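Heads up, the next two complexes both have chain A, just with different partners, chain B and then chain C.
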Partner chain A sequence: MQESLLAYRRMRYLWAAGALAAAAILAYALHRPPEPPNGGTWLGYTLGGIAAALVLLLGAFSIRKRAYASTLGSVRGWLSAHVYLGLALLVVMTLHAGFQFGWNVHTLAYALACVVVASGIVGVWFYLRYPEQMSRNRAGETREQMLAELADLDRLCAKQAAALGGEFPDVIVSARDRAALGGSAWAILAGRDRSRVVLPGAHGGGHAQPNAGQSRLVDWLGHELAGSTDGERTRLIHELMALVNTRRGLLERLRRDAQIRGWLDAWLYVHVPATCALLAALAAHVLVVFLYW
Partner chain B sequence: MNAGHHRIAIVGAGPGGLSAAAHAARLGVDHVLLEASAAHAHTIQRYQKGKHVMAEPPVLPLRADLPFEAGTRETVLERWRAGLDATGANVRYGAQVTAIAKDGAAFRLSLRDGGSVTADHVVFAIGMQGNLRQLEVPGADLPCVQYQLDDPDEYRGEVIVVVGAGDAAIENAVALAANNEVAIVNRIDEFARVKDGNLKLILKSIESGRIGCWYRSGVAAVERAEAGAARPYVLVLNTAEGEARIACDRIIARIGAIPPRRFVESCGIAFPSADPMALPALSGRYESSVPGLYVIGALGGYPLIKQAMNQGYEVVEYILGRDLRPADHPLFEEKFAKLRFGLTVDDTLALIQERIPLYREVNPLQFREFMLGSAVHRPEAGAVIFRRNDYTDSFFTIVDGTVEIEIGEENPYRLKLGPGQFFGEMSLLSGRRRSATAYASAGCVLVESPRREVLKLINSIEAVRHHIDRHFVIRAIQTAFAPNASDEELEAVAARARVNDWKPGTVIFAEGDEADTLHLIRSGSVAVSRNIGGREIVTSYVAAGNYVGEMGLMGRTRRAATVRANVATETVSLSAADFDALLARNPELRQKVQALVRKRLAENARISAQPQTGDIVSFLMQQGLGEATDVLLIDESLCIGCDNCEKACAGTHDGTSRLDREAGPTYARLHVPTSCRHCEDPHCMTDCPPDAIRRAPNGEVYIRDNCIGCGNCERNCPYGVIQMAAAEKSGPKKAVKCDMCKDLSGGPACVRACPTGAAIRVGPESLMDLVARVER
Partner chain C sequence: MKVLIRFLRRGQANAVEAKERLFDGEALTLGRSTDQVLQLKDRRVALRHASIALRAGTPVIASRSPAGIVVNDTLCRDAALRAGDTVRIGANVLRVFEPPAGIDLGFSFELDAEVAAEAAGLDSRRLDFQALSWRRAPVNWALAAATLALSLVIPASGLLDEGWQDRLRGGPLPDDGFWISGPLSPAHHNVGWRCETCHQQPFERVRNVACTDCHAGVGRHFAADGPVTGLETMRCAGCHAEHNEPATLVRRDDALCTDCHADIAAVAGAGAGIEDAADFHDAHPEFRLAAGGPQRLKFPHDVHLDPEGIEGKDGKDVVMACGDCHRPEADGGRMQPVTMLAHCADCHRLDFDPAFPDATVPHTDASTVLRRLVEYYSRSFLELYPDPQATAQPARLARVPGRVTDARERARLLQQARERAFTVARDLFERRSCHDCHEIAATGDPDDPWKVEPAKLRTAWMPKARFNHARHSTALSECGLCHDAARSKDAADVLMPKIEDCRECHGSGDWHRNPQNRVQSSCTMCHGFHDARHGAWEGAVR
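For the complex of A and B:
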């Protein structure tokens, strides 16, 4: 309902970045240097200067983001500009290079900039895509509230299992203890459920078995339910089944929440280090160019 | 000269008497301080344990040889005791004076133990507490009736009825309510003449049901209950609805004190009238009609501790024949200097009071106190005094020159006010933004009084309340319906208009009712709802300063919607006939109201088609937006959860974030984080002993550095947005809350730091627009 960062102020930075890219393309098209277009012509130097300035301006976003008392625009405006000018950088630096690539520090800087811009595009896509999903998945609850609810359900399940007696308490405890949330970065991002459960002898001989989506547990409960002939016991298992299903949904939501949060962060692990590398490569590129004037 | 003779005899060791004795001792003047009880400051000794003693009025400097500042009863008493010891004052405890008579050139003071003392001068500082007013009804002598409460923790699980509506009654009732079932009995239908903090405290307790209240009720009798009853006594009340019987364990009557007039009169001191509440006639130097007999403190009409202490000091100076101005004199001199009236302070005060009819019935002492808290201005011609939509809530009176009030937005009309008139009462009473812009003209002299001071005056002087209320109604009608009508033209309509109080959740009118009145919302806000498909759906929210009920009146139909108060709300209601008269005198108004009706009908149609909107409004009302002036909301469809808003808040406020982004409810992608709503009538300000919570002109409610860390505001905030935090690790904990970054030039840091635009701030004006956007 609020305008997104792309739509900020009627996309003023899209127009600015577009104008910059268009001007660069026009100049490149009209430019007739004696040699093939490259960074050494007057246009090459101009475009290189603009590109370097853009890199510094884009990098300044991370400073502005942390300067909380700053009155220099809003962070949102800065991010909107950051996104569009980052795209314009792609055009300007390509023209600056005059499409000449090789195995050298100059092309390294170019390649790193491409990685930074590409990861940024991915980041924007995540920013536009995930908040809505995250909000829907949370359904108005905070993570703490969901975890508290999970603890509540665990208690209720244990109580119900105790009332049923027999193998139920052990199974429920093992499903609780071996329910996996989090784990490696990859597991979180993939949203993989590595939960396990230990079922009694006939159902797997006391070994921990994969229990993704609590499906093994649900199967086992179904089996017990089918075999129950005692009305009271059937009712108790039914109730336990309902609890386990609620718990399953909650675990799913928690996992999905961690996954979304993970992706919202993960791209920065490419974007930020690549930016640092880019700044180093850019410095080397500039130094080398001026040394071998 | 015999051993029992002194130059000054001071009767009563309250704040005034103690201060007089200390000053006399320091000057080496021969004196004696006679105190009937066994310890100093008898009245304060009998305060509740740990009670916070206030040092009002804050601007008045203390002029005494004893220390005094706000603190607990114990600290105050201990510091006085130590101070008294240090000055070497001559105090006689257990010396109750029973008579004073002229004995030659001196006075003879007879004591209860048979002895006597003579003195050249006598200072009466016996206070008002001496003779507590007692119940005079059958059964008042039963053991369940008491007139004092020493330690409220003594009683648990009892049903206790507190009789009275003053500060003492309120404080007792609130303290007892922690462990007992408490009801309070009030003779009239409001709590007048009490401290602001106590007023809000008791109203809140009554509203929340913690304390029961019997308004317009008097005690008829106290009886023993029949054998076997759950409670041993019965309090019989005469109420407006007839007799009521309350089974109870205990009755605490705090019905004030009678000036110990008989005793004072027996000493020859004259009173100006037979009114039992009348104060003795005194000179400007506290001397009574009997030369040599002085009266200071509460008995002379100065009930505040600091005033009494200053007078104790001053009376000794006067007795010594020295010239001394009251302690507040330099404050007034400074205040009045810019007026260039060329008058003395006293003459200026008299002039202002004479010029402004509103203040004519205020007694000069009270007026002086009121003026002490007010500011005077001499604005340039054409200067803006306040602007429409400013959040200021002070009150202005015109001493000289004229002021022009610009009413209305599209076709502004300027209303001219002259000397003696007042303005600014709209925001004063509603807590909302200014509804008009005020411009000064040449030679204009104004008195600007803070809300707190004016409310105190309104609460204690009926004439002032009545006057301001009537004006409010006129101005409200003028602003809404008749911008070019004069006050005189509207006088009759205003006289017939009624001011109504609505508790939160009460129905002001219901769908299907006959439409006979129009309501102008003076404070609070209302929710408009309609029955759509058997379900009550909120269609709109209307804030103070607007009106509801016009639709039914225009069409002469039944009510098309139900209007309910969101929070405690006040409305001014106009009858259909009066509204018609207003419409008849202004053809433009009819068009304007018709346009509003069309707009509201369109809104209704839209909401009927999208019932979810109504749910969003309901949700936001539940989150306190009905009383909010500026609230942080988060659009969850954009929030990436980076917490940059919290980091920015902490980064600009000593490392403690005043908002919790994740906490708080969400509905339809709108998340209401735990963060200050900047309520119109802030709950947190209800009971702040050092008066540290203030409202800035932009509307933000903030806490000043003089916070004492008592935590009252944290408890009083219904939205949990105040926390106790220390600026430095080992520093004292103080209350912190959102101050809307009032000290940052760019506005709230949370919003400016949000990278995606998810964090937004919304006020009552933009609320419905936002809700409409959510739908899209």
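For the complex of A and C:
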């Protein structure tokens, strides 16, 4: 997927978009209008028409990718064209504007288009970077499998803790209940481990303490292990530590998985709304230009 | 504050398992978040739902979320906790009991089993970014609608009503100023940011009347009966484009002229007598000087500019410079006209009688001069006629003033005066003074025998071109560079520069074609478009 997005059909859309941008730059360089270059010269109108057509074509990608029955090119081809023509749009519309900007509806449309293209570039970067990381992180498992694995580990931990008795069950339950995993869009994206644990006595006196990477819990277990004189108890604590450690790695992978998936979606929360605003601003721009001709 | 918390857990057959924990701290926080002292379960509970703290020695539970808490089956924001009270937060139940000595508060904490089971497992929803984020579709529509409203609908509403338009422009809402495609030229700021001054009809290009409403006197390019008719239908805004950056209201590119003038015959017909001009550098006709007859003046520049000097008014030699006679107009452009009174009279005095060097004739037509001479000598002969030979005062008076009463004597004196006047006039007109500079013609009339042909000095040799002497007055360009006056012997010499002289500094209007070390010189550097001498453009306005 990641290679073919940009290299689709020997980069035919890179060449097409590059040719379009180069032609626009050449025409702009050779064009010598009587007034400063602007959207109102013949070249300005031409570039504006091309840019508007590009915006509509790029927007049509969102329709094509949902039209599963359509045979109008492959979605992959459309995406490849979407990426390269989006970059060409940046060139064409800048030349259309003749580098004249101001606090007005015209520059609003331009700025929104820049936001859309910039977020699109971020999206492409994510799509080139993250899928491989994601599959490496998942190691062939699905998220549901990982969650089921986590539930199993929780059960095993609780069983081990019950066997140990004393403070162990409470500590393990608090570590389970206070393990932070997602919960909000921002928490997913940030990917920070805000887990906590309540440890007894001198280790925390019943207060919840940060437990990022389950490190406080492991520390406490280590302390209990060091203080253990009973061979059987030592073995049990050892096994519990191993379980906690496995659980820690699993939590980390789940958090990372959610984070990657989150970012793969998050850029669209800029790209698509900005596109909608752009289409409105573009309509206003075109109408207004002729309203006050 | 010390709080004893008794965790109750119901096992099989409703057997209750209790576990106690002592909290010692400022405030006991309750909520769903992992950082709360008492972590509550149940989705209905807020992340930071409530806290318990001492107020004047009494433990008080206070809500930290809008949801409130239920104390003894009453929903409230805060409540003092006494033994026997029951607090419910979602499915979590707190029952207050009498605390042991030294403890501020004691309560049991229990969770509904069903809720506990539900909350125990981890929900994959917690990791689903899309499920946890806002829904995109409503936001998309809202953004599109807001953009359309702010950039189009609200500003356009001002077009419907003038009063509303004014209020829009005075208020915080976007008005049609948001539609401006570039800054208004400073020259048009007096329009007062009222777009409709020029944009009079929606969806119609700015009409010429919008321009001529203010620019009433703007001249035509050529006379109304000129060779071309298409020009009248041109739009003002075709050349004068507003809202550009940098602000350039006036076209200055060569195409403005050369579109027609590169092959003017194709536009104006071969008979129009206009030569093609496409580029000052190599496709411009030789300068054509204004037509006109001879100047009728004897003026050798070389004599006046003799570096050795020329005899001045006191008989001493003076060295003259161009600027002694040729002074630019106030705008630095063309030269002021040279006049006898201002520039010549100091040296070329019009005295006529060596005995009276202060007496002069006026610089006017010959008949008047002759009449003034006759009058002068008549008065002198009849009244005071000092003996020209007298060398000592008092002068011997030939007559006593007002005493010549005899008619014959008067007639004789007047005849003598007239003869004297004619002798002096002949000297002026045929030998010196007038004759020095002017061409004198004989009329054949014995009573008025001379006629001075008036000099015709031209100030504008190239009336269709602009030239500014002040802008050309640098150390590199003294007068002689363009005007070869020092060697001119005759006033008829035309001392205007040729196009080659200009081309030594001025090049093409097209920087691609402009040779190095030449000033890029477009048509409009010298030529204008509108010329009020051809009448006002108004007649051609559509």
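Here is the rule we use: the second predicted complex is superposed on the first by the 290 of 293 C-alpha atoms of A that agree within 3 Å, B and C clash if a C-alpha of one lies under 4 Å from a C-alpha of the other, contacts with A are read in each partner's own complex, and residues count from 1 in each chain.
In this text, contacts are C-beta pairs under 8 Å (C-beta built on N, C-alpha and C of every residue); 3 or more make two chains touch, one makes a residue touch a chain.
Since this is a predicted model, take the numbers as computed values, not measurements.
Superposition of the two complexes onto chain A shows chain B and chain C fitting side by side, with no clash. Shared-chain residue A:Ala208: touches chain C; no touch with chain B. Once the two complexes are laid over each other on the shared chain, residue contacts for A:Tyr68 go to chain B alone; chain C is not touched.
After overlaying the two complexes on the shared chain, residue contacts for A:Lys159 are found with neither chain B nor chain C. Shared-chain residue A:Arg233: touches no atom of chain B or chain C.
By the touch criterion defined above, A:Arg192 reaches neither chain B nor chain C.
Once the two structures are superposed, chain B and chain C can be ranked by residues of chain A touched, with C on top. Of the two partner chains placed around the shared chain by superposition, chain C is the only one that A:Arg32 touches, whereas chain B remains out of contact. Applying the stated contact rule after C-alpha superposition, one finds that A:Arg256 touches neither chain B nor chain C. In the superposition on chain A, A:Gly40 makes contact with chain C only, not with chain B.
Note on the superposed arrangement: chain B and chain C approach each other to a least C-alpha distance of 11 Å.
The residues of chain A shared by its contacts with chain B and with chain C are 143-144, 261. Chain A makes touch with chain B in their complex at residues 1-5, 8, 65-66, 68-71, 74-76, 78-79, 126-127, 130-132, 134-135, 138, 140, 142-144, 261, 264. Against chain A, in their complex, chain C makes its touches with residues 19, 21-25, 34-37, 39, 41, 121-122, 124, 126-130, 132-134, 136, 139-141, 143-148, 151-152, 156, 176, 178-183, 195, 199, 202-206, 239, 241, 244-246, 248, 251, 253, 255-256.
Chain A makes touch with chain C in their complex at residues 32, 34-36, 38-40, 100, 102-106, 108, 112, 143-144, 147, 150-151, 170, 174, 177-185, 188-189, 194-196, 205-208, 254, 257-258, 261-262, 265-266, 268-269, 272-274, 276-277, 279-281, 283-285, 287-293.
Every residue of chain B that touches chain A in the complex is listed here, in rising order: 635-642, 644, 647-649, 651-652, 662-663, 665-667, 669, 671, 744-746, 749, 751-758, 760, 770, 773-774, 776.
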